[in-house]
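The chains carry the letters A, B, C, D and E, assigned in the order they are written, with residues numbered from 1 in each.
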Amino acid sequence: MRLINLIPARPAAIFLAALPFIAIFAAYSIGSDIRLEANPQDKLLPAPSTIAETAQRLFTEPDRRSKEIFLWNDTFASLARLFGGVGISALLSLLIGLAIGLLPYARSTMSSFIAVLSMVPPLALLPILFIMFGLGETSKVVLIVIGITPFMTRDLAQRVLEIPQEQIVKAQTLGASSAVIAMRVALPQVLPRLISNVRLSLGSAWLFLIAAEAVASNVGLGYRIFLVRRYLAMDVILTYVIWITILAFIIDWLLKTLSRKAFPWMESGL
Amino acid sequence: MRLINLIPARPAAIFLAALPFIAIFAAYSIGSDIRLEANPQDKLLPAPSTIAETAQRLFTEPDRRSKEIFLWNDTFASLARLFGGVGISALLSLLIGLAIGLLPYARSTMSSFIAVLSMVPPLALLPILFIMFGLGETSKVVLIVIGITPFMTRDLAQRVLEIPQEQIVKAQTLGASSAVIAMRVALPQVLPRLISNVRLSLGSAWLFLIAAEAVASNVGLGYRIFLVRRYLAMDVILTYVIWITILAFIIDWLLKTLSRKAFPWMESGL
Amino acid sequence: AEEKTEFKLAWSIYVGWMPWGYLEDSGIMDKWADKYGIDVEIVQFNDYIESINQYTAGAFDGVSATNMDTLSIPSGGGVDTTALIVGDYSNGNDAVIMKGEGGLADLKGKPVNLVELSVSHYLLARGLDSVGLEESDLDGVINTSDADMIAAYATDDVDAVVTWNPLVSEITGSNPTANVLFDSSDIPGEILDLMVVNTETLAGNPSFGKAVAGAWYELMSLMAAGDEAALTAMAEASGTDLAGYKAQLAATEMFYDPAAAVAQSTSADLPTTMTSVAEFLFDKGILGEGAPSADFVGIAYPDGSTTGDAGNVKFRFDTTYMQMAADGAL
Amino acid sequence: MSFVTVSNVWQKYGDRSILERVNVTIEEGEFISIVGASGCGKSTFLRMLLAQERPYKGEISIDGGDTAKEPNRERGVVFQKYSVFPHLSVRENLIAAESFDTAFGRLSGAKRKAAEARADEMLERIGLNHVADQYPASLSGGMQQRLAIGQAMTAKPRILLLDEPFGALDPGTRLQMHDFLLELRDETNMTVFMVTHDLQEGFKLGDRVLVFDKPRWDPHDPGMYGATITYDFDARDGGIPFQLKEDADVSA
Amino acid sequence: MSFVTVSNVWQKYGDRSILERVNVTIEEGEFISIVGASGCGKSTFLRMLLAQERPYKGEISIDGGDTAKEPNRERGVVFQKYSVFPHLSVRENLIAAESFDTAFGRLSGAKRKAAEARADEMLERIGLNHVADQYPASLSGGMQQRLAIGQAMTAKPRILLLDEPFGALDPGTRLQMHDFLLELRDETNMTVFMVTHDLQEGFKLGDRVLVFDKPRWDPHDPGMYGATITYDFDARDGGIPFQLKEDADVSA
């Protein structure tokens, strides 16, 4: 039979799905073993057991001095920044995207500007951002906003443009004003797309967040990673990397679920 | 008339498109003026004329010692890394994407792994990358590859899955093997998507490139920006930012044109 | 240890380390390496910490680092490391700067921006100590990347920074109100800029030590003589001009003469300094969670004495090769 | 006076003439079928009636009014596809025909109640009361088009424009839709314009059948001249005029 | 011996029975129309003939062979949509029917030349020689389906399966396609299975018309029993048997 027609049975499929994770884990363990053999104090690839211990400590034991558990503080601080930045971006891109998609005047004014904006490397502009927004939370949120809004806006505007012209005309024949068309016809139809855009942009948002926290901060996941890099505490770094991965996964899953629940009309197709 | 039905005439449209650029330029000039008024030595917002002079110098005057023009060297070095990384990512994502999309066994094995992989923040893994791949060009290219391949692969696999099942069945009735279906049915149909994926991923690729060059390098656009950032040489930084923006724009435009030229069957619709 | 012929050194941009880049570019290093039949490659890093990490992970045989970072990263990480060359000590290159009038005591209740856990942090701790304050008396320290320190200083959020050259002169030069409260000239000899190498590698390959020391002191004599070409090249590589570089050198106590470097290494103050550095590091948790006390890592001095755990010596000051240079024996 | 007057209407896109010298007058309550070769400008004509675009030259007046500048509640429309809102349930689609005319596009309180009652009446009439809470995507093509027609009629337009409303349906459903439309006509006496590819359909449903075609033809420049109304049949006897038999296949 | 033998075939998806006890034998060269209510399992039956899926129970044999495990060149197929390759030109689509059977999916040299010549012959036969170098997207729906049929026939399958091949076409085009198919049949004497919603079409084109329906029905559990062949008409006289008139609207 052709390979494309061969379908693994249920238990085999589960095993296959686990395979690459097992392989990565095994490769890491062996690498770690080899290095620790040569230098028992090697910090680059700590043993999995060390990572597990460190993780447990980071999640549960408060700091000696401040009596606070850093990991949770870092998580809350980073998530607040992330959600702030992504939320503002979502709102902005929705507003501008609707305007560009629906209004020819807005389209003429903004579409090429946003196309250019989306090509600017935001990290290089950090110094200017600092001056404009200070070193506090604002500039971190703004970096995320600048980093992901142009892309989201372009995509949303495109989706608004793809709403069949028939619907826009139909709404007009029912007496809808531009505002009603925006709110009642276009907005609900691009909301699902907004969510998938947010999902797509979250990777970049994390990146900008970590970069901003590395530059000036005293709490946050990115801050901690770059701080402990100063003494190559890879056990801490790896714990944080895994934790960020898990957080990213949960957020993605929540958004996917939200999208499915909130937009029943998307899926009730025949 | 409704706003959505008001269409600007040709000259008005051109003026409107220029408006935001003019506004940004004006805002910058005023900001720069104010700061230079207060402190003529201020480096943060150099006067546009200063930037123009710096740009001219950077583009044309060779370094006294090495007789080379840094900007061009940086550009070639960075573009080589960028194209290397993006090229490898494109190839990898195409191969894995086709496998996942066509072969149930490959799908079981890799799809959840790649989903997880795409959530890992690659910047945090930089130290490990440098150890594994050295400090040379490899690790910079690898960072780009790790950063953008999972996303591209997921999307391509999705597109392969979206090829109507009818076509796959039809090809089988014409005697096509799995390999022929991959090469002659699936591959040509996802190539346009590959190009648009590359276009989408280039922003992240630049980001990773700049980040990698900031850590270990002695040539490259990102290297230079981080080097002069210590002295807040904003005239140099802004020149480089504008230059990167232009490069990104040209690459994007080339890819768009390539896509249009290479896939006539995409556009010859009724 | 095994013998080998190819060696790699890492360095990053700092006034006292600029000679390393020039050694590679000018061919002086190659000349000395050829003399001893080996090959030495000197690689520049943009990111100082990354260069030490890479050395610690084994990708390099040596790296330019301060005494403090050597103790915390490679030595704390179990890599037995030797200070091959003591290049200089910071004599004003690191500084605590505040906006406006006042003294160290006025830092109380203010946030301070600095690269956390770096020599800046140490300098601040020493400064606060001198006026009877502690870090907890501040409104916290905010980790700020050195690359963005100048931009950070320009924002209203920042009251005080601790940083190093060329950033210090950049800040004091362009901000009339910048007020240096405390600098490394107040703690001379405590912030040492070194070239540290893997002890085992050095032990197995004395010619490596000889070649590096030979090359370094050849260039030192050029610099001492004010060689324009060399100084200009270094100035440009660090992103400034000759005058700017000379100003930075003025705040650096370069040991152009190997004998001076030997003297610094054998100074009686060194063990005291290193002990206070170790305590600082332990206090910040940098020596690792496994570290039971501040003397968890042992440090050996040229006279054979040690501080810290003598059974776990991972950091050694060794004057052998500097002495050879001083004796003209290379 | 006639109800809809189209006088000397031309339309061009760029340099290409699509329609020229179209003149026709329609009485209130007439059902007009429009047929013609593919691409000859039938939809263009309908778009001008709808005021989705304005004629290059000429006037289109309803009940003596001026040429309209944009679509409004005077003109209802049903396209071949996408005529209903996919994100609104069947009932909400009908309510939209009343609520979209308000400032915020929503009705509340008593008004909403009244609109719901009227929507349910319409649902009954178009036979969709059993799927009132479903979304359009879960309806068959025929049901979607019935909904689209019901929605257009809820807004009580003065003229109703149909652009190949049954073009995407299979033959069986199509026949049912014919019955449905004929019933509605008997009840309401609307003025209807319907574009169709199917000549039989045109004659079966229409009171008049307008045939669009190019009367002039420049072999060197096919875009030179536009189409116009070349035949205007009385179809009230319900049959296909014999002389047309060979043209029947305009859709080919 | 009969050419295609379907013996006691059942199909289930999960717990839902779709087809049960389907038995039928077909002679070589017969044209079989398959009709039945929407969702009753016509396409499922075709998919099993195609070997795209295997029966839950029972055997399907062509010319005495075993039940096939996957689609192959013995079975040609044309679906309602997506039956041609959009990225290949019309001529390349026909050549694909020969080249896809090779190791790399490409022909070169003399073989390619010969395949091109045969493709051009086929183009002539299906009336598409004037658009040989265009891509499918620029063809009308009817032309695309003609290409799909031509492509399937180029591979010289032993049976040809058509799943509502004209379902998406407008009535005029549909009639043309009927003529086209009847012509081809006269020339080639293929064994054809065609699913259709249109009973008239089934009787017009088929030698036999198989009607699928559920013979048993459990009101508490509609998924309990599957459909099977309930009528098997001889349609060679070309007319619709009178007793079926009222069932004619199976598509509703």
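By definition in this document, a contact is a pair of C-beta atoms (placed from the backbone, for glycine too) under 8 Å apart; a residue touches a chain by one contact, two chains touch by 3 or more.
Bear in mind that the values here come from a model prediction, so they are computed numbers and not experimental data.
Listed by label, the chains touching subunit B and subunit C alike are A. Chains A-B form the pair with the most C-beta pairs in contact. Most remote chain with respect to subunit D, judged by CA-atom centres, is C.
Averaged C-alpha coordinates put the centre of subunit B at 47 Å from the centre of subunit E.
Remark: subunit A and subunit B have CA centroids separated by 18 Å (rounded to whole angstrom).
Computed from the mean C-alpha positions, the centre of subunit A lies at a distance of 38 Å from the centre of subunit C.
For subunit B, the set of residues that touch two or more other chains comprises 2, 44, 127, 131, 172, 177, 229, 232. Among all residues of subunit C, those that touch two or more other chains are 50, 53, 57-58, 147-148, 150-151, 154.
Among the residues of subunit D, those touching two or more other chains are numbered 70.
Every pair of chains in contact is given here: A-B, A-C, A-D, A-E, B-C, B-D, B-E, D-E.
Listing the residues of subunit A that touch subunit E in their complex gives 1-2, 5. Touching subunit A in their complex are the following residues of subunit E: 69-70.
Interface residues of subunit A facing subunit C in the complex, by the touch rule stated above, are 39-44, 54, 57, 64, 126-127, 130-131, 134-136, 214-218, 223, 226-227, 229-233.
Residues 2-4, 6-8, 12-13, 16-17, 19-21, 44-45, 102-105, 108-113, 116, 118-121, 123-125, 127-128, 131, 151, 168, 172, 177-178, 181, 203-204, 206-207, 210-211, 225, 229, 232, 234, 237, 240-241, 244-245, 248-249, 252 of subunit A are the ones that touch subunit B when the two sit in their complex.
Looking at the complex, you find that subunit D touches subunit E at residues 167, 170-173, 176, 197-198, 200, 248-252.
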